[in-house]
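Each structure below appears as C-alpha cells.
Two complexes, one shared chain (chain A), two partners (chain B, chain C).
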Partner chain A sequence: MATRKNGQTMRFASPPSILATVSVVGPREGQGPMSGWFDVVKPDRLLGQKSWEKAECKMVEEAVELLMTKSGVRRSELDFLLAGDLLNQIISASFAARTIDVPYFGLYGACSTIAEALALGSALIDGGFATNVCAVSSSHHDTAERQYRFPTEFGTQRPPTAQWTATAAGAVMLGPRGKGKLEVTHATIGRVVDNGMKDPFDMGTAMAPAAADTIAAHFRDTGRDPDAYDFVVTGDLGAVGQPLADELLKKQGVNLEDRFIDCGKMIYDETQDAHAGGSGCGCSASVFAGYLAKNLEQGKFERILLVCTGALHSVTTYQQGESIPGIAHAVSVERSG
Partner chain B sequence: MATRKNGQTMRFASPPSILATVSVVGPREGQGPMSGWFDVVKPDRLLGQKSWEKAECKMVEEAVELLMTKSGVRRSELDFLLAGDLLNQIISASFAARTIDVPYFGLYGACSTIAEALALGSALIDGGFATNVCAVSSSHHDTAERQYRFPTEFGTQRPPTAQWTATAAGAVMLGPRGKGKLEVTHATIGRVVDNGMKDPFDMGTAMAPAAADTIAAHFRDTGRDPDAYDFVVTGDLGAVGQPLADELLKKQGVNLEDRFIDCGKMIYDETQDAHAGGSGCGCSASVFAGYLAKNLEQGKFERILLVCTGALHSVTTYQQGESIPGIAHAVSVERSG
Partner chain C sequence: MKADKPTTEAYQRLVKRKAPRPPLLRNVIWAFTVGGAICAVGQVFLGFFLLRGMPLREATVPAAAVMVGLGAFLTGLGVYDEIGKRAGMGAALPITGFANSITSPAMEFRSEGLVLGVGARLFTIAGPVIVWALAVALVVAAVKTLVAGPTGG
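And now, the complex of A and B:
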C-alpha cells in the first residue's frame, strides 16, 4: 500500500466522519462566551463527588455516556476509547475507561491530547482497524492547580501571563465515512519544540513555537494555503502565546490574518479574570466539541484546522531547572462533500 | 475497506517487520539472568546525569540512537516516535522526544506501554500512514520509588508481594513487511479491569485479572489455541500475580501450561532480593528487546504472545481510597514466513 503520509501529515483516504460531539463544562465556563454551545453546564465543580479528581473523571464518564446516546453508537459497537488528561498517570481518563469498559488506549500530550486522539482514532478507522472510536480529553481547574502549582486554598496571585485551566471535557465519536456531516481529512503530528522558556506561568510563550512549527508543516505537507480554512484554531496559546505564534509564522511566510483564532482566548471573556485565557486538555476539546463542531455542522464554517498545543513539563522537571518543551498536533475537519 | 479487527484484536494484513531492537539497562539488571541479552548495561544508575529523572531520559535517548544505527533507519526516515513511561507527565519520553526530534505520540499505559506502542505503531504502518516507527518505553527504579512510594533515602522495608521497578529502556524499530526477521501479526487491546485490590505493594494481584481478560480475548478473537505460541509472556505480573492469572485463565478453559512465562520473574534471580520480581515499563520492554526478540531472531522460538500489563493508579487515587485498575495489551510476534 502506498504511504498516506507526506512529511508530518497523514492524509485519510476515506476520511472518518464525526458522528457526534459532546462537551461537559463547569460553572465558570458556562458563564463565558461559549456558554450556549456546550451540551452540559455543571452548576458546581464537584459534580456531587468527594474530590475534584473524582469530579473530573465523572465529567469524562458523562461526556462519553451522552456521546454514545447522541451518536447512536452502543458500547458493543465502540471499538476503541482514546483518552487522556493532565493528571499524573492520566487518572481521569483511565478511571473513566474502567466504567466505559471498551478497549482503551491511554494518551498523554498535555493540552494537545484531543488532537492526538483524533489523529490516531482517524488512522485506526481509515486503516480498517475500527468502525467507531471515541476520542475524549478533560481538565479540571482545581485538580490541575493543586498538582502543578499551589494548594488551591492559598489563593496565590497569578501573573497576567498565566492561563486558567478550564474545567471541561470534550468528546468526539468518529465513525465510517459518510455517516456524519463532518469528516477528518488530515492530521499533522508535531515534533517537540523547546525555546528554552522556564516560566510555568507563561505557557503560551512556551507552546507558541511548537504551534507555529506544526502549522507551517501542515501547509508545506498538504500544499494548502491558509485560505483553504475558515479558521486555524489553536488551543490554547492564549493572549500572550497567540501573537507570538502569529509572528513566528509570518517569518516563515505563513500569514493567517484574521483566520487565526485560539480556544484559550474564546472560552472566557475579559470580565472573568482569566488573565491570558483558558488552558487545559478540556479547553480546546470542549470548544471544538461545542462552538467549532456545531458551526461546521450548521454550515457557518466549511473547514477548520484545529491545532491543539501541549506543554510537556512536570513539577519535577521544573524543580530540576528544565525548560518547558511544547508540542502541537493539527487535525483538518471539514463538512462532508 | 473491510475491518481488520475482530473483537478486541487487530490483525495486520501486511504484518510490519521488526527491523531492530535495543535494550539499555542499569547495573542490577545487568547482574541478573537476562544480562547476556541486553545491548547496553550501565555501570551506575545516574548515567553521569544530575538526577535519576535525567538518567532515565538519557537511557531512552541512547536506546533510540542505537536503534537507528542498528536498523539503518535515519532520523529523516523515522516517521513517528511512540513512547511513554511511568513518570508524571511521561517526562522521560517527552524530554527524549525533544532530542530525538521526530513527530511524537505520547502514550500512557503504565507498564503496558511498550505493547500499546507496538500495537499503534503496527497499525500506523499497516494502515499506510508510516514506513518506520519507533516504539520505546522506560522505567528507573529510583524515579519510580520516590514518585510512587517513599523517598528512596528511607530504605523502607518492602513486603514480599512487592515488585522491583527495573532500571531499563527497551526500543523497537518497526518497518515495512519483509524487511526484518520478525513481524507483528496481531494486537489485542485491553479493557480496564479492576478487581478491587488497593495494595500498591501487590500490583501483580491487581493486574492479573486484566492479563487473563486480554489473553482470553486474544484466543477467542483469533481462533488460536495456546499451542500456536512457544510462549505467552506477561510483563510484569511477577511471582504473585502470574499464578493468579494462570488460575483465572484455567477457569475460562485456557490452559497455558509451561508456555506461560513472565518478564517480571525473568529479569532478576532469587539472590537479587527483588521479592515478587521486576516491574516497570522498562522491564517487559527490555526483556522483549533482549532475550525474547533475540531468541526469535535466532530461530529458537517461532512465535510469542507478548502481554504487557499496567496498573493505572496514581498516588492521588491511592490516597483517595480508590482501588487499582489494571490493563493489558497483547502483541503477537513471529518469525517472518
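And now, the complex of A and C:
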C-alpha cells in the first residue's frame, strides 16, 4: 500500500464525506455577523439549566441530536463520537457522551479540537474502522471565564488583545465517500509550538506561530499553492494574532493575501465588545458548521483549509510562570467532485 | 517545540510592533470620572451620618457599610461589571470594588454549594489583597514604632 502520509499530512485515499453540520450558539453569537448561518440560536446563556456547565453540555447534546436527524444517521449507525471542550477533564464532551451513548473518544486540543476531531474521524473512516463518525466541540463564555479568569460579574478591564470565549457548539457528521456534498481530503497535524509568550490575555499572539507552522507544513507536504483554496481559515487567532501569523508565513514565502480569514474575527462585530475577537472550541466549530460548510454546500466556495488553533496552557502552568504552548491542526474540505 | 532564544526575541519584537495600544486617555477619563463619582456618593452618605450628630471617626463606618451594600447590590443586578470594564481601577479601588470582588465569586460559585462554593471561594479575589495589605500594615506599623516610639491609640 502506498504511503498516505507525507510529512505531517495525511491524505485520505477515499475521502470521507461530510453528511451534515449543526451549530448551536448563544444569544451574543446569534446577534453577530454570522447569525443567519447558525442552525439554533439560544435566547439565554443558561439554556434553562442550573449551571453554566450544564448549559454547555446541553448545547453539545442538542447539536448532536439535531445532527443525527439532519444526517439521517441513527444512533445504532453512529460508530464513534469524537468530542472535546475547554473545561477541566473535558466535562462538557464526556457528560454529553453519557447521554448520547455511543462509543466515545474524548479529545483535548483547546480551541483546535474540532479540527483534531475531523482529522481523526476521517482517518477512522478512511482506515475502515468506522462508517459514520460524529465530531463535535463546544465552549461557553461563562464556564471558560470562571475556570480561566474571573467570576463573570467581577468588574475588570480587559486589554485590547483579549478574546471573547464564544458560547457555541459545532457538530459535523462524517460518513462514507460519496454520501455527502463535501469531503475531507487531507489533514495536517500540527506540532506544539511555543514562542515564549506568557500573557493569558493575548492568546492570538501565543497561537500564531503554531498556525503559521502548520499552514506552511500543509503546503510543503501537499505541494499545493495557496490559490488551490478559496480560503485559508484559522480558528481563532483574532485581530491581534492573525496579522502575526500572516507575517510569519510571508517570511517563509507563503503569501495568503486576502484568502486568509479567521473565525475569531468573523463571529462578532466591532459593536459587540469582543476586543480582538472570538475564541473557544465552539468558535471555529460553529463558524465551520454554519457559514463555511453551508457556503461550500451552496457552491460559493470550492475548497477551504480549516486551521484550528489552540492554546495548551492551564491556570496552573500560567501561575507557575510557564509560557503558552500553541497548536494548530488543518483539514482540507472541498465540494465532492 | 520550544523556540530558541533568537526566535523568541525576534517574535517578541514583531509582537511589540504590531500590538494594539489600550485607549489610555479614554481609560483615564473613565477611571477619574467613575472613581470620583463613587467617592462623591460616599461623601454624601458620610455627610448624612455627620448631620445626624455622629463624630467623624464613627460616621465613616456606616458610610463605608452603605457603600459596600451598594457595590454588592449593583453586582447582583449585573451592573458593576459593566462599570468596571470601562472604569478599570476607578471602579476597583473604591470600597464598592471590594464589595464587587466578594459578591461576584459568591454568585459565581453558588452552584458548587454554600460551603465548598460560596464559603471556600468568597475571598478568591479579595483574599490575596487582604493578606498582603495586612502584612504591609504590620511592617509599616513596626517601623513606625521602632522609629517614633509607641503611641497610644
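Just so we're on the same page, the second predicted complex is superposed on the first by the 337 of 337 C-alpha atoms of A that agree within 3 Å, B and C clash if a C-alpha of one lies under 4 Å from a C-alpha of the other, contacts with A are read in each partner's own complex, and residues count from 1 in each chain.
As a convention for this text, a residue touches a chain if its C-beta (ideal position, glycine included) is under 8 Å from a C-beta of that chain, and two chains touch if they have at least 3 such contacts.
Since the structure is predicted, the reported quantities are computational estimates derived from the model, not experimental observations.
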item	value
Partner chain in contact with A:194 - chain B first, chain C second, else both or neither	both
Partner chain in contact with A:51 - chain B first, chain C second, else both or neither	both
Partner chain(s) touched by A:159 [first = chain B, second = chain C, both, neither]	second
Chain A: partner with more touched residues, chain B or chain C	B
Contacts of A:150 with chain B and chain C, given as first, second, both or neither	second
Which of chain B and chain C A:124 touches, first, second, both or neither	first
Shared chain A contacts, counted only where both chain B and chain C touch the same residue	50-51, 53, 191-194, 325
Residue ranges of chain B touching chain A (in the complex, touch as defined)	1-5, 8, 10, 13-14, 50-51, 53-54, 79-80, 84, 86-91, 94-95, 97-98, 101-110, 116, 120, 123-124, 126-131, 147, 189-194, 312-317, 320, 322, 325, 327
For the chain C and chain A complex, residues of the former touching the latter	1-3, 7-8, 11-12, 14-15, 18-23, 27, 75-76, 78, 80-89, 91-92, 97, 100-101, 103-105, 107-109, 111, 124-125
Partner chain C, residues of chain A touching it in the complex	50-53, 146, 150-161, 191-197, 205, 209, 239-240, 243-244, 247-248, 273, 276, 323, 325
